[in-house]
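One chain, chain A, appears in both complexes that follow, with chain B as partner in the first and chain C in the second.
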Partner chain A sequence: MAGPILTVADLAVAIAGRRVVDGISFAVKTGETLAIVGESGCGKSMTAFAIMRLLPQAARISGGAVLFEGRDLARIAESEMKALRGNRISLIFQEPASSLDPLMTVADQLIEAINAHKPASHSEAAAHALAMLRAVGIADPARRMRQYPFELSGGMCQRVMIAIALACRPSVLLADEPTTALDVTIQAQILELMKRLRSETGTSIVLITHDMGVVADMADRVLVMYAGRIVEEAAVDDLFQAQHHPYTMLLMRSVPRLDAPPKRALPVIEGTVPSYAALGTGCRFASRCPFVSEHCRAEEPPLRQIAPGRATACWHHERVAAAGMVPA
Partner chain B sequence: MTAPLLEVQDLKVHYPVRTGWLSRRKLFVRAVDGVSFALGRGETLGLVGESGCGKSTLGNAILRIVEPTAGSIRFKGEDVTAVDRGGLHRLRRHMQMIFQDPYSSLNPKLPVGEAIGEPLRVRGLLKGRALAERVAELLTLVGLGPEHRGRYPHEFSGGQRQRLVIARALALSPDLIVCDEPVSALDVSIRSQILNLLVALQQRLGMAYVFISHDLSVIRHISDRVVVMYLGHVVEVADRDVLFARPLHPYTQALISAIPLPDPQAQRAKRRIILKGELPSPTEPLTGCPFHTRCPLAEDRCRHVKPALERKASGAYVACHLVPPAAAAAAA
Partner chain C sequence: MTAQPMSIAARPHRPRRLTQFLARHEAWPILPFAVILAAFVFMAVAASGLAPLEPTKQSLLSRLRPPGFTSSAGFVYWLGTDELGRDLLSRIIFGARVSLAVAFLSVCASGVVGTALGLIAGYYRGWVEIAIMRAVDIMLSIPAILLAIITVAVLGPSFFNLIIVLGFTRWPRYTRVAYGQTLGVANLAFVTAAKLGGAGDALILARHILPNIIGPMIVVATLEFGLMVLFEAGLSFLGLGIQPPTPSWGAIMSVGRNYVGTAWWITVFPGLCLFLLVLSINLLGDYTRDRLDPRSIQR
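Now for the complex of A and B:
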């Protein structure tokens, strides 16, 4: 497989002195779909926003590098970033309606996105915009071009967002919970669309989600995040086969499944994500972990490679994986 | 067979909508358009379908939080739609509701102990020490413990607040709780805690649930019987195991096939039905089957004749022209 198109090295994001993303590293290969999973508040969106340099005002990149097409996105000037954003690297959000401009027609938003990077005559840009709407499966695209976001459903807004994000054929698409706000039948449509565009264009995708089903459907490789850190990394089949971190294991087992006995007590993750202020010296998962030992409370486990392409940050990962073999 | 706890018959809720203020044309959103089902004591009826299909409207109509346009709702033998205010007050002692958003369901200025005891106090059922003891008992039931009674809602996490809302709903020992997407706003790890609590409470206290969710995996986990809704109509009703083992309505089949399975190999191998398009506008008058605009199997008659909800050989009730009726299936 080709080398990485995007490399994140020891990235940290701070909000009011709290490291909400705390030294994470990963690489995305060309054409690959990398999923990032974890509960809300664990730093998934801040990671994506940091890569795109779209962090909220209170947040800043406090360390690390984002290497993309020979540049460090964490350091380049905003003008340089602007030329890349939406052009070579794009982001789509969870709330499609609120990420479109309510006062502009669909056509104007698409044309603006195209013209920002690939200036063309109005008629050329309009033709490209129409082709993009058709490519993302919008029925009656000529009519939709003239409409405003409020006239579109959530699923259609998300299609328009994807059309805008992909109009300039970026090499990397970051998708932050792109289907979380949608119904399952519309989610299935959008995921199929993303798969088709991926195979047609070879775009790499970083897919942020909390849904293990979406991960299983879309991802080649998976990062599991907890409290600002990566706690496990593996190829998708390997991860579902055996979990080497208790958090991953519980995240997978705590959801009701279509193939499990109904009404049976579901495994739970006790407690809640610790506040960043309350993080002590040991493992960040220690307060909720069924495998916890004295060692865990005293010393934070580093993310260590345990097999090719596979890493975990747990002192007891062998015991955890062995326990997972026993059906819960 | 004993009489069901709740029996809904041909229920309709139509909301009038204005179409611009000079227009004389009166339009209605047919949010619930002829729904029937029954629910026994201690059972859980799951109500599932895409957003906008009328689940919340139906749940609200059962408690008469919205007024039904037509049809009947019999609860413990009495018609909820026919009683006067006093009768409704009396009936509501036995039916409670839990909503999706635990934040807006609790008064921020009230210590949670008072909020939980409020239904008992307002109805003059308990006071003083007996009330305090009941509140302590309720807090313990939902896994929080009586020491929390003096704290305020903002001091609790989302999952804890949903526990408080559940405690308040239990205060009057209802026979029925309508749960409208009670876990949809919660994180996955908290969701399983609340589902476990709801199942355990039912086993212990024996109340029935109408459990509303757009998430079929959750519906399967908690329900005994499932109603699948589409555009205000029931398209399929069946016992849980029958519905999930052999969904008969093309919409139910599409819904189940759209759930991504948390198992990469099974997910890759699975047969998928990807529906085209989206829900039609609920104000457009409907001809034929409500699902015909998106149905992969639609024939000419589907566009003109509305299929009735009929019993099939599996015991499921299905509204689809293409599923043979019980007798025909048995003969075949």
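Now for the complex of A and C:
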């Protein structure tokens, strides 16, 4: 694999002066799938929207850089960004049903996206749109082209969204919980589709999810986020093998297991994510952490590299990793 | 239980043919009013062909004659004559043209301006939103008729000034509704998705947001249309709207007021027309709202 196609360095996003995303750094290589996991409100989606420069009005990028094709997306003019967005770097959303304009046919929406970046004659654009629908596995694409979003199922809408996102062959695709709103069989189909398109086109994928099953299935590397920061980074197999941050460990334990005795209470992570207003000086996970010490409350642990391609932000990562080996 | 269960899901979404539309029972009560409105529109459009006489042709020898009066030449004045001996029927027919033209043009003017401002306020937010919406609050707190009187006093009464006045006083209604609707639509994912597709603000507003809020805007416009007919009549009645000798229902009634003891028909017939026109517009407006908002059917 070649060098990174997308590099995020020390990215921070602020809402009303509070840093909801803080010091996020990662690199995505060509053809790689990087998963960002974490619970709701930890800043996963904010990170994706910041990269695309589509943050809601109240939020803004307050620091850091997003390097893509030799440019810093955090600094270039909106007109330059407009030329890249949806063209070289694209995004698919959580809610497939509301991501399509209810008053436009599938064909019109696809053609609009194609024409925005690669102006073509109407018949060329329509042919391209048809080919895209076929590529994302929609049966009878010619009929679907003429339909409105309300005539499609959720999975079908998500396929159309993927077709729109990939219509201009972007080199990076950000997928913000693409399967959350779908039932499990459709979820499997969509993930299968994304894998197939990745191998066909070499597109890098940044997959944002809270589903460890999706991570195991899709990702090459994983970033675990907690309260706006990266707490652990590892290759996917290493992460499932051993966790070096207590949050990751507890997150893994809270996934239901087929081999667990039935009717046993599912382990949960006690407490809630601290509000961004209440963040003190220490580790953000300290209030919920079983390994907490004085050091943790006094000083926030930095993200440190502990092995090649593996980093964690915990003072006691060795203790955590050792504890993880013992079955809970 | 005498109420019949009504299946909403079973009804076709959009009737394909007029006969199919008429076959549905809930369309029947509205039909007479649609016919009345169509008749008034036809009257306005074909006024010069329909009116038996010139609306401004005076005949001082036959002033204030009652309905059904027949002149020595054998001409029947079906609705009588006014204080200058003009045929009331002809004046009412031409008056429909004035009423509908003023109402239509002022609704267009205020609707376009108001909707555009509402879209901008709801989409861009920030100081633009504050400026536009505070202006709306100010406009809505000024008595409309007073504002109209002041504006006419400055500009002088004429057909186009009347439209400008009505457009100027009525735009905030549209802005309020368009603003609220835009706030709801602008945050939906498909708007972000359109940005993702490289669409600019103008394209997003025109292609994605406007079509999604046009239903409520049409409802506001129909209700405003009836109000505009009344406003035109009211301002003309006060002498601030259409000037004589151009026939306007409000102006005819205003003059008729002086003769109401001896020549009741001069006020009654234009008043009746005004009542029927505004009633049919309002009922059709309500019906449109029910059709465009499926939730209100169940209420």
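Criterion: the second predicted complex is superposed on the first by the 327 of 328 C-alpha atoms of A that agree within 3 Å, B and C clash if a C-alpha of one lies under 4 Å from a C-alpha of the other, contacts with A are read in each partner's own complex, and residues count from 1 in each chain.
Note that contacts are C-beta pairs under 8 Å (C-beta built on N, C-alpha and C of every residue); 3 or more make two chains touch, one makes a residue touch a chain.
Quantities reported herein were computed from a predicted structural model and do not represent experimental measurements.
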Contacts of A:85 with chain B and chain C, given as first, second, both or neither: second
First (chain B), second (chain C), both or neither touched by A:257: first
Chain A residues touched - chain C or chain B, whichever exceeds: B
Which of chain B and chain C A:131 touches, first, second, both or neither: neither
Partner chain(s) touched by A:211 [first = chain B, second = chain C, both, neither]: first
First, second, both or neither for A:307, with chain B first and chain C second: neither
First, second, both or neither for A:99, with chain B first and chain C second: second
Partner chain in contact with A:142 - chain B first, chain C second, else both or neither: neither
Contact residues common to both interfaces of chain A (with chain B and with chain C): none
Residues of chain C touching chain A in the complex: 125-126, 188-190, 192-200, 207-208, 211-212
List of chain A residues in touch with chain B within their complex: 39-40, 139, 153, 155-156, 183-189, 191-192, 210-217, 236-237, 240, 250-252, 254-260, 262-263, 265-269, 272
Chain A contact footprint on chain B (complex, rising order): 50-51, 157, 159, 187-193, 195-196, 199-200, 214-218, 220-223, 240, 244, 254-267, 272, 274-275, 277-278
Chain C-facing residues of chain A, complex: 52, 54, 57, 82-83, 85-87, 90-91, 93-95, 98-104, 109, 112-113, 116-117, 161, 164-165
